[in-house]
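The same subunit A turns up in both complexes below, where it pairs with subunit B and then with subunit C.
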Partner chain A sequence: MTTLQRDQDLSVPRDDGKVRTSRKTWGSLPTGPRRALLLLALVAIWQAYVSISGVNPLLISSPWDVAKALVEGFVEGRLLDATLITLRILLLSMLIGMVIAAVMTTLATWTRIGEDILVLLTSILNPLPSIAILPLAILWFGLNTTALTVVIANAVIWPIAINVSMGFRTVNPTLLAVGRNIGLSGWRLVRDVLVPAALPHTISGLKTGWAFGWRTIIAAELVFGVAGGKGGLGFFINDARYFLRTPEIFAGLVTIALIGIALDLVFSYVEKKTVVKWGMKSGT
Partner chain B sequence: MMSLTKNVRTSLAVGTTAVMAMALASCGGGGGSASGDCEPATKVAIAYQPGLGYASLLIAKQEKTVEKALPDVDVTWQEMNSGSAIRDGIVGGNLQVGAGGIGPFLVGLDAGVDWKVLSGLNNMSLYLNTMDSSITNLEDLEGAGSIAMPAPDSIQAVVLRKGAEEELGDAKALDSQIVSMGHPDGVQALIGGQIAAHLTSPPFQAQEIDEGATKLLDSYQLFDEHTFNSIFTKTDFAECNPKVVEELVTVVADANAMLTDEPAQAAKVLSEEMGIPAAEVEEQVTSEDVAFVNTPTGFATFAEFMESIGMIQEVPETGDMFFDTEATADAS
Partner chain C sequence: MKSQTISKETVDELARDHKPLLSVEHAQIGYVVNGKAHVAVGDASFEVYPGEKIMLLGPSGCGKSTLLKAVAGFIEPFAGNIKLATRDTLVPGPDRAVVFQEFDQLFPWKSVRDNIIYPQRMIGRDKDEAGRRADEYLTLMHLEPAADRYPHQLSGGMKQRVAIARALAMDPAILLMDEPFGALDAQTRSRLQQELNEVAERTGVTILFVTHSIQEAVYVGHRVVVLNNPPSTVVEVVDVRDVHDPADEGFSEAMVHLRSLLSAGDETLSDAAFE
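Let's look at the complex of A and B:
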């Protein structure tokens, strides 16, 4: 507070422009450098802690070792393979989940019984952490990728369905009326009016769905290395733990975080190019 | 203006440092105990796994012989599902003494865990079993489904790889089929048809054979007679607690003597702990490929094979594997 006070006092004799130019605060730095600096600071603290405290390297690896493990993992291909396997299962499950969610929400918009079914199923299945059905999926489908796909599809269907149907229901009635007026009905009304109008909700549904799916697949892979044993990232982390390769555990975690950030950026980009550009949502 | 920037920066830095330091200290704190100053432990947590392979410890636990021998120490017993989990506990400082197969011990030693074996617990043959009548050898098993075992670094995994090397010419041929499961879960999964094969230990392998499983591998045929489980602890703990070490070795020797000389009596004690009828336990305890001996055997043989397939980097010296105790005089 005292600092702010002094700033105000000092700024009195100056004209506005001068104050603005000399105000080189943390907040006036562009976002990128600001966050990069913080990240650097965190990594520095991490490295310092490991070097100074003499902590057992089997418990905490230094950032340098982690970076080495990360590079080796991708160059040798083990970490790369694991990442690709995880992403492939995730994309397949998301695709299945999206199709099912699309069918269900379309039915729910068309018919009253479809809506009832959707409401009932989402209220039963959405609060259930998807990983909880893994034991059942293993019993039904065995220890294989099918079980994983089912669990992850289940994780993504409900958030997508809820968001999309919310999008459909909150479509501006005027738009709908205009659509009907020009003779649209059924599928064409859904395709040409409802879907574009519900896009902001659809995107946020996909975002939530992907986040749920991503968490679930890592958790599921930790429970069992996918049969056919060429496991994904969760398996990679667990395997590294079994052989006490602690830097690889960290490298796996870093990879998971990086992919999370990358996909978030993709969604932001899509939003910027569509709903933000169309003025349906303010930019972030 | 600059002062504001600086203040924000400093406070940010101080804040994050403090938070990070606290977080790190709380997770790393367990590991650094008893390195410099040497105070005898007041608490000893001993971890074991399910099965007959831990019979000597189960008898000690049931008869409270460790507690009686060490009245000043708070002894706790913990059952865990794999040697890897026990190793995590010891590395993290939550466990002081662990019991497990040769695999996790050697992998840990190779990765830099400063520990050694106090005493062997037993020699046992480990079987790879299948319920699928169309699988008669490892060639049939290849690609046929999952093979369960406690962990990919367990002694069972070493046995499977040795079998794969001898029968299929490639030690890693079956690696992609390995799934990690505790012994009891593996029995359920094998009988329920969830997995193609299970590499386990007594008494589970015998239960599976009773249910109609057939044996595909027998570890004694691959490695000759070898130690199954042993108990180990970190060297700094052993240095600070010579009495605990000495008593543990004695307790195991006594329990093993009971298991060998009075199997009926031992079976009665075990049957309570394991929930299996005493007659059945006695049959298992006296089975010919089960021997309750204290001298560790076969560690070097396992280490050489594990080194040859890259599970460990180098074969440790005998002196680096075993403490100098009454049990380890002729250890190999």
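Let's look at the complex of A and C:
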């Protein structure tokens, strides 16, 4: 919480030489309420704009309509189904990506050629937005879930592999020496020393991987939403645009943002319970 | 592996027979960098008897830490023998527990207590026994209040205490200490030297201790093995077991003697540079 530091010294002398006394200010509020208030204000401005300006509701929906569409979408099931489809593909691709990244990282850690291959592949494929290989994936696998999965998996492999192998290569040599000193070798040394010591890098790799995957899947679904006859969130938004159901477009966007935030919170929580608690990474 | 480690009984037996626990015989030790061998220790011979505190003292770069690493089994001598009891010290093992200089030698993901328990579990002790031992050494090193804390919450001095407790809890045949107090402030340093002396007296553990501090060598050690500049040899082994009190005359005499041994090496070096 970097902002807290800024708020600490409230009694700084002003230009006129008088000392400002500390009083209840915006900065002295806790983070939660501060953010909630800002969000509320944002929604209020949005609602006021829509109500007062008389903007075409087909272009901008009011927050109230968006909320209705969101609830309806989940109760009636169309938005819920779309969300589940997207999450299922994302989860599957993440799993595949993580396994491949694990294999590549293992090879890169144990052999020089493995490391060279990983460095080469990452430098080529990591800067490439994964969505760019979608046309190729469609050409190879057709308009189906497989193409999507390949694109998403490609998006997540590289950030994970780079971070994890960096984590393994930068393990504190003293800790390794301690491990060997107490008689650890081979798999035991990997499991009990290398893996926990590389955890900060691993978690940040997974975090980046999920974020990349999430952005890529929405983009890929926008390009072609039909996956196995049913569409995901990207398709849901595009479909809503086609039929001018503007509140649904907004509802879809809100869902995407919420899931993104939720994923981020999960990782922050895991970090708080592990590497931050252990002093291996400072809290954010 | 376990059958190869030196047991407490073996150490007791050696003590009865007045035989050395560790013998370093004409050891030549160094590193290979880019295919070129750099000799740090040219020819070192000395012996460590059970229950002794042997200090390795020498100018920086003389290979005293390298020698300790060879005893620990991290590096192999180019020539000569290093024997623990009758066995070569070829691989690292818990019978030669090492306390390093670096504060980050503790596992950051384990609490202080678990840091002490874990290595004991690895040498085959059951959970209860390891826990009991951990508590014993936590008390011995004045660490009880910190038992459930994580290493990053501790001061440097506390971290080194934990490292010593962890090493001792493994019941090593010999405790290897690589400038363990070198990165501490002067006050903490002398506190820990004193505590180490007390603990060593209580447990009777054998210690091989690397230092560049003459004061530390005299205060902690029984005997001081003095090394000269690389490729180093043992200049002299100085017996300081009868001087403990820094206020004593004998203490400062021992320090003066050690200093003269160390600076003698320096003079040859500067002479060589002039030639």
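To be clear about the criterion, the second predicted complex is superposed on the first by the 252 of 284 C-alpha atoms of A that agree within 3 Å, B and C clash if a C-alpha of one lies under 4 Å from a C-alpha of the other, contacts with A are read in each partner's own complex, and residues count from 1 in each chain.
The rule is short, and it goes like this: a contact is a pair of C-beta atoms (placed from the backbone, for glycine too) under 8 Å apart; a residue touches a chain by one contact, two chains touch by 3 or more.
This one's a predicted model, so the numbers in the text were calculated from it and none came from an experiment.
Undergrad: In the overlaid three-chain picture, which partner chain does A:N56 touch, first (subunit B) or second (subunit C), both, or neither?
TA: The answer is first: A:N56 touches subunit B but not subunit C.
Undergrad: Looking at A:P135, would you say it contacts subunit B, subunit C, both, or neither? Reply first, second, both or neither.
TA: neither
Undergrad: If you stack the two complexes on chain A, which partner ends up touching A:L184: first (subunit B), second (subunit C), both, or neither?
TA: Once the two structures are laid over each other on A, A:L184 reaches subunit C alone.
Undergrad: Counting only touches as set out at the top, which of subunit B and subunit C does A:N172 meet: first, second, both, neither?
TA: second
Undergrad: First (subunit B), second (subunit C), both or neither: which does A:A41 touch?
TA: first
Undergrad: With both structures fitted on chain A, tell me whether subunit B or subunit C touches more of subunit A's residues.
TA: Between subunit B and subunit C, the winner on subunit A residue contacts is B.
Undergrad: Figure out whether A:G77 sits in contact with subunit B (first) or subunit C (second), or with both, or with neither.
TA: neither
Undergrad: Looking at the overlay, does A:Y242 come into contact with subunit B only (first), subunit C only (second), both, or neither?
TA: Only subunit B is touched by A:Y242; subunit C is not.
Undergrad: Check whether A:K24 is in contact with subunit B, with subunit C, with both or with neither, and answer first, second, both or neither.
TA: After superposition on chain A, A:K24 lies in contact with subunit B alone.
Undergrad: Report for A:W278: first if it touches subunit B alone, second if subunit C alone, otherwise both or neither.
TA: second
Undergrad: Looking at subunit A, which of its residues have contacts with both subunit B and subunit C?
TA: Residues common to the subunit A contacts of subunit C and of subunit B do not exist here, since the sets are disjoint.
Undergrad: Which stretch or stretches of subunit A touch subunit B in the complex?
TA: 3-4, 6-7, 10, 22-26, 38, 41-42, 45-46, 49, 53-60, 138-139, 142-143, 224-225, 227-230, 238-239, 241-245
Undergrad: Under the definition above, what is the set of subunit B residues touching subunit A in their complex?
TA: These residues of subunit B touch subunit A: 1-5, 7-9, 12-13, 16-17, 20-21, 24-25, 27-28, 31-32, 84, 87-88, 91-92, 107-108, 111-113, 145-146, 151-153, 175-180, 189, 194-195, 311.
Undergrad: Within their complex, state which residues of subunit A touch subunit C.
TA: 172, 174-175, 177-178, 180-184, 188, 192-193, 196, 199, 274, 277-280
Undergrad: Sort out for me which residues of subunit C touch subunit A in the complex.
TA: 1, 72, 74, 92-94, 96-98, 100, 102, 104-105, 107-109, 118-119, 122-123, 150-153, 170
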